[in-house]
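One chain, chain A, appears in both complexes that follow, with chain B as partner in the first and chain C in the second.
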Partner chain A sequence: MTRRRLENIALAGITLTAGAIWIFPLYWAFVTSIRSDARVVSDGAGLIPDEFNPTSYVDALFNTSLIDWYINSIGTSLIITVVVLVTGMMCAYALSQMQFPGRRLLYLVVLASFMVPAQTLVVPQFELMNRLDLINRWGGIILPQLVVPVVIIVYKQFFDALPKEMKEAVVLDGGGDYTLLFRVYLPLNWGITTALGIITFIMSWNAFLWPFLVVTTENMMTIPVGITQVNDAFGVAYARVMSVALLAAAPVVIAYLIFQKRVTEAVMISSGVKG
Partner chain B sequence: MDGVKLTNIRKAFGPFEVIRDVSLEIPKGDFGVFVGPSGCGKSTLLRMIAGLENTSGGRIEIGGRDVTHVEPAKRGVAMVFQSYALYPHLSVAENMGFSLRLARAPRHEREAKVREAARILQLTDHLDKKPSALSGGQRQRVAIGRAIVREPEVFLFDEPLSNLDAELRVQMRLELTRLHRQIGATMIYVTHDQVEAMTLADDIFVLKGGHVMQSGHPLHLYDDPDNRFVAGFIGSPSMNFVSGVVTRADDTGLVARTEEGELRARVLGPKPGPGAEVVLGIRPEHLAPVEAGGLPVRVEVAEELGGQSFVHARSASGSDIVFERRENRARLDGQALRLGAAAEKVFAFTPEGGRLR
Partner chain C sequence: MAMIRNKTRHRLVAYSLVLPFVAIFTLVFAYPVIEVIRLSFTNAPLIGAGDWVGWDNYIRLFSDRLFYISVKNNGYFVLLTVVPTTVIALLIALAVNRLSGRVQALALVLFFTPYVLPVSVVTQIWAWMLDFQFGILQPLFTAITGKPVPVFRNPHWVMPAVAVVTIWWTNGFNVLLFLAGLRNIPGELYEAAALDGATRGQLFRRVTWPLLWPVTALVLTLQLILQLKLFDQVYLLSEGGPFNSSYVLLLMVYREAFQLNHGGYAAAISLVVFLLIVVVSVLQYQLLRIGGGRK
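Up next, the complex of A and B:
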């Protein structure tokens, strides 16, 4: 056996082990969700699926507000994604293509906000939303999630790299900034827009801390927050919690499987690996 | 005239003045070419006419209308860029009709104009293709088509052929001349290539350091340059220059002793007396081997072009002297020769570069 072949086998082994560690919680959640509550806590419950009991899924779908939470999650995530993309692109366009005093300073503020962890802003944001009377309102859930500096940074890099003659051609053709942005630059960057759209959507779908803090009314909750209610309503009902969790993750997982290439690209673009 | 008129145009980037008091006029329907070395301000001047650069002073008129502070799209100009600047996501037809679409022109009018431009430029078969599916020459034609569709008073070309290979450049040069005759609009063309300038222009404007050094018909500039810069810039291979000291001066000209020999130049106007320094310029085609007098040189290499050849020789002081031969293919490599020229073909310049006529 050659050294190269041994290396490949070793690498494959490491990758498979890492994959197994990563997938194990999901696997266990699935196994748990198809057992009855009694079986979940019984002594002999092992790692191998030994019964198929869909009760917890039926409960999750019909005895909780799961459908509401789905709709809430889809609605807020879509609004957040669209608004973040449009405002991010316009902000990046201004920073990249327009001349105005304080442009560099503004970009530094965007860059700096990229480095502030969202958790540190929770208290002032909560206070702000409280003063605006937006607690337990859609505005309160959505507004703080509209600031996504990475979108601005990625778009700005893209606009900076475009040849200035294209802009001048539009100016001579009689177009202004909106023509340039929405009729030339936007169609040119569909790849980036799709990628940023996917990560923004996933990010807001998975957002837990902020929606958890700002919403207390059950029928306004998003899915990740709703899961906490399942726990409360049924005591420690592991099978139901797991089935809700899996149902919550399902749209993202399906979206990921469909747009796998785009999502990978999105992660690479937003992390700066690929420009 | 009612073409393009610039009066005392200035442009400064901070303390650095790139265009210094330029005044010029290109009559309606003429093909004007701005030519000069890199950094001479020719592109900046063109962009100022287009409205893509503000002017720091002076007045720009197009068709008799003051457009100095008018926005680019309302000046009646269309520009063709070196990089083509086509919209990659639009088809050829959409690229060409983009300005009409923005102007909300009726669809049938837009399509008719695009078709007509495509016919002129032989792009009819490519109207549905994206720019990426076209060759460099075709892309440049689309860029020109985009300009034609707007029916501007003035076409502006910013080094449009620089990205093409040599053969295509020659072909596109001819096409541009043909197009100019066909459309009859005023065209202004920027290039650093004096061959392009010579072949395309009705009027050449030679720029250096933000000044127009001389303007006029290409052959006028070639035959009667105002200064050493223009004499050296126009013509390929460029003019030979040798420094000398005046030994005699009479009514018809002066004789200058150079390190290498003696040359006579025709100067009818005021001329410097004996002992004054001058620079003599002779074009390669006017230099020929002579029996006596002239400049002693030693031949180094010959560029054989078939019908003609350019022979590179080295003078006693080490300067490179080029002369042209036709019909004679005898090898001269390494030979010592004397080169002379008729006095009326020898230009005399002051050491500062001004012409002595």
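Up next, the complex of A and C:
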């Protein structure tokens, strides 16, 4: 009994130490960001934060377009998340609960599109956005990110598992399919909707390649693309680069720390390991 | 009569439900898939029309030295990441799974947080960690090679370094998958085996490993696909250099399309990348299934 306890304590100690080493780069970025640029490259600069110098944060907020990038990232990610969830839920409901010609074909196409790497479509997508005059606009950032087949697949599995009696009761009361979907099933599956919402939001917030291609003017960039410009502008001023990087990461990291359990579940559900 | 009207109505409702997705899908996915195939047989620039050139782009691609360099680098990167990250994630998941309560939550946060960072934040942090002059990890390189190493400008170190950065960034996702898999294993199995006097090594080999195999196969397959699509990290850290030692297929697509204005040629490369990913992942998945079935 006591041997087991000792073992568990030792294991916890080892695991947490490994975890601390794993997270060290982030810690080091933070320590760097609150130092002055001179201090960062001086010999005596140790591992422990020894000064609090917010200059580089002030710099990052007011001398870059960071605020614009925040607005672009939040705006486009929110729109993408809402559209992906609503269209995915509707499509999955029809695929699962209704009969119509083309149903099987549509589901096969959804499954097949799961295999196509979006990165291989950038050339025609760019040409299309150019023709629609959406280069350097939110619309151009958003549109190609709206196809997320996994959302449909997860929703369909959920609808497939619902008992038939529930549907019959609503239909007897005179409710149609829209009532059923948005008034009955949606409130029933907030868990899945939140999970898929979290995953979609993180994905679009962190998207790099497409926003990088479709935006060329600085004030239209999203966070992940914009902060690479700061690097170019500042040269090797690492305190400033780290401040910008941490400010860029802050919203998702804070959201993750608050909704930890939900995010963990979301990853498990959307990858199909946990139903 | 009423039956037929009802049926038509039912179908109309169904079509109205799928329409939004189908419309978006057709515009930004199905149409580009067809276009990328068509473009690959033309000499079109990035924007605008081109002439039909038949198989020219493919013939050119298969005699392009950079193509073979890229394939080799993609393969090298897959070797450096897929199995290592799977092993590391499994070990972490096994350790985290034995913790409980707040300690477990804390351990998960430490290992998972990098996954929610944007890729450019990750590359900037590591560029600083490995900075030639002031990087905090340079003493390590001095200890190994005797002098500081400009990691992302050195042909030998660049790919392993990008691999380390990638594993650090994405490993948390795999940890979660393994953790979910471990939680799905019924506890009674362990109790029964322990009653039979099984040692801990036997428990892992006879219970954990076989029951976890579907998750392991999933992680390996997802990782293979993900790592074949390498672009962001390598573009941000080394831009394919030095001397093309980190040049990869998607970088080639980007260069040809967006810097050299060869839309048709880039489309051909895209299509080859797509086919490569499908073939390799289907093959791997089948192999893993056979490997799992034998046990």
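Simple rule for what comes next: the second predicted complex is superposed on the first by the 240 of 275 C-alpha atoms of A that agree within 3 Å, B and C clash if a C-alpha of one lies under 4 Å from a C-alpha of the other, contacts with A are read in each partner's own complex, and residues count from 1 in each chain.
Throughout what follows, contacts are C-beta pairs under 8 Å (C-beta built on N, C-alpha and C of every residue); 3 or more make two chains touch, one makes a residue touch a chain.
Note that the coordinates shown come from a computational prediction; the quantities given were computed from them, not determined experimentally.
Contacts of A:121 after superposition: chain C is touched, whereas chain B is not reached. Of the two partner chains, chain B is the only one that A:184 touches; chain C does not reach it.
When both complexes are overlaid on chain A, the residue A:165 reaches chain B alone and has no touch with chain C.
Taking chain B and chain C in turn and counting the residues of chain A each one touches, the greater count comes from C.
With both structures placed on the common chain, the touch criterion links A:173 to chain B but leaves chain C unconnected. When both complexes are overlaid on chain A, the residue A:248 reaches chain C alone and has no touch with chain B. Contact with neither chain B nor chain C is seen for A:6 once the two complexes are overlaid on the shared chain.
In the superposition on chain A, A:99 makes contact with chain C only, not with chain B.
Across the complex, chain C meets chain A through its residues 10-11, 13-15, 17-18, 20-22, 24-25, 27-33, 35-36, 39, 46-47, 92, 95-96, 98-99, 103, 105-114, 116-121, 124-126, 128-129, 131, 133-134, 136, 168, 173, 176-177, 179-181, 183-184, 215, 218, 222, 225, 229, 231-232, 236, 250, 253-254, 257-258, 263, 266-267, 270-271, 273-274, 277-278, 281.
Every residue of chain A that touches chain C in the complex is listed here, in rising order: 8, 11-12, 14-16, 18-20, 22-23, 25-26, 28-29, 32, 40-41, 83, 86-88, 90-91, 93-95, 98-101, 103, 106, 109, 113, 115-117, 119-128, 130, 143-144, 146-147, 152, 176-178, 181, 202, 205-206, 208-209, 213, 223-225, 227-228, 231, 236, 238, 241-242, 245-246, 248-249, 252-253, 256-257, 260, 263-264, 267-268, 271-274. By the touch criterion given at the top, residues 163, 165-166, 168-169, 171-175, 179, 184, 187-188 of chain A touch chain B in their complex. Listing the residues of chain B that touch chain A in their complex gives 50, 52, 72-73, 77-79, 81-83, 85-89, 98-99, 102-103, 146, 150.
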